[in-house]
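Going by the order they are written in, the chains are A, B and C; count residues from 1 in each one.
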Amino acid sequence: MRRPPILLISGLVLMWLLLNNTLSPGQVLLGIVVSAGMVLYFRPVRPLQPRVHRPLAAVKLIGRVIVDVIRSNIAVARIVLGLVRERQVRSGFLHIPLDLRDPHGLAALACIITSTPGTVWVDLTRDGSTLTLHVLDLHDERAWIRTIKERYERPLMEIFE
Amino acid sequence: MTIADLPWWITLPAGLLLIVGALLTLVGSIGMLRLSHFYARMHPPSMGNTLGTGCVLLASMLISSGLASRPVIHEILITVFIVTTSPMTAMLLMRAAVHRSGARAQRQLVMRQD
Amino acid sequence: MTDFLDFAVNFAQLCFALAMTCAAIRLLRGPAAQDRVLALDTFYINGMLTLLMLGIRSSTTVYFDMALLIALFGFVGSIALAKFLLRGEVIEP
């Protein structure tokens, strides 16, 4: 018997309470019953379970991602409004060798990369070794690869593997 | 409490957040209209999806908390949905574009050989 | 101080209306099908934000539920269209 997924159940209860916009004991109980029942019933459909090893690193990563989203928003806004005059903006595809193999880590990496404006996840090779991105402002490929690998991939490997 | 009775320490940050979020979303949509090819057009709308929506929802949270005189944070659900779902659309659309342009390039190549 | 909030809400609504116009132009003009899907995606996000502005203006929470539904169903629609472009069918056997 595997450990019941506490994190998923508490997340669903939180969502139930937010949807109902209340904290009354009846709704809390109903939420716990409904989400625990659904999670246990649908367990065979979802065989993979994420294991979060270091929650503190996850919080740090979320803060870092918010800062990066704000910074890249400003960068993309400058490009759109034509404020980058000193050089030609060149966009293109970028191939990155990847060491992360955990499916949940990869999903989190995809969310991070695509939510920061300026980079979009395109494809991952079938064996998971090379990631293809499309970058709006590709003036220094090495800097982009270093940023992705050190700022996002290493913390995600610490968290999920 | 109506919206006219809100204290200034709620209306000032909420108004600033609304203006910043609206400007970011507008710049994102203008970028989608202005940039020259599809792969570049893919990027600006995600500004509106992330920071634009985030700012507006934060402002909405501030105002409805002020109106109800207790923390009302159910707007955070929309943020969570947008942040987790918009990457999926972007990824699938990007793969579709690569797939389609690849197919078109192959077809042109075949036509040239004929 | 509420004058400032009124101004901010009006300004934001104007911005979202302009953004929706941009998305509509791209939707009608867009050379490839994927441009149109992207424009529709941007369009529903802007529509959702406009609804939230209406909610702030009338200080009710009814608009919140509508915005949530638009966010969910717009996502499903965009995914279905993108999947159709990728594979030629939405639900594969």
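The rule we apply is simple: a contact is a pair of C-beta atoms (placed from the backbone, for glycine too) under 8 Å apart; a residue touches a chain by one contact, two chains touch by 3 or more.
Here the structure is a predicted model, which is why all the values come from computation and not from measurement.
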- prompt: Looking at CA centres, what chain is most distant from chain A?
  reply: C
- request: Could you name the chain whose Cα mean is nearest to the mean of all protein Cα atoms here?
  value: B
Message: Need the CA-centroid distance for the pair chain A / chain B, whole Å please.
response: 16
Statement: Per the C-alpha means, the centres of chain B and chain C lie apart by a whole-Å value of 9
Statement: Cα centroid separation, chain A vs chain C, in Å, comes to 23
Message: For chain C, give me the residues that contact two or more of the other chains.
response: 61
Message: Two-or-more-chain contact residues of chain A, please, as numbers and ranges.
response: 21
Message: Two-or-more-chain contact residues of chain B, please, as numbers and ranges.
response: 28, 30, 42, 49, 74, 77, 86, 95
Message: Which residues of chain B touch chain A once you look at their complex with the stated criterion?
response: 24, 27-28, 30-31, 34-35, 39-40, 42-44, 46-47, 49-51, 72-74, 76-77, 83-84, 86-87, 90-91, 94-95, 98
Field: Residues of chain C defined as touching chain B within the complex
entry: 1-2, 4-5, 7-9, 11-12, 14-16, 18-20, 22-23, 25-26, 32-35, 37-39, 41-42, 45-46, 48-49, 52-53, 55-56, 59, 61, 64, 67-68, 71-72, 75, 78-79, 82-83, 85-86
Query: Inside the complex, what are the residues of chain A that reach chain B?
result: 15, 18-19, 21, 69-70, 73, 76-77, 79-81, 91, 110-111, 113-123, 134, 136
Query: chain C touches which residues of chain B in the complex?
result: 2-4, 6-8, 11-12, 14-16, 18-19, 21-23, 25-26, 28-30, 32-33, 38, 41-42, 45, 48-49, 52-53, 56-57, 59-60, 63-64, 67, 74-75, 77-78, 81-82, 85-86, 88-89, 92-93, 95-97, 99-100
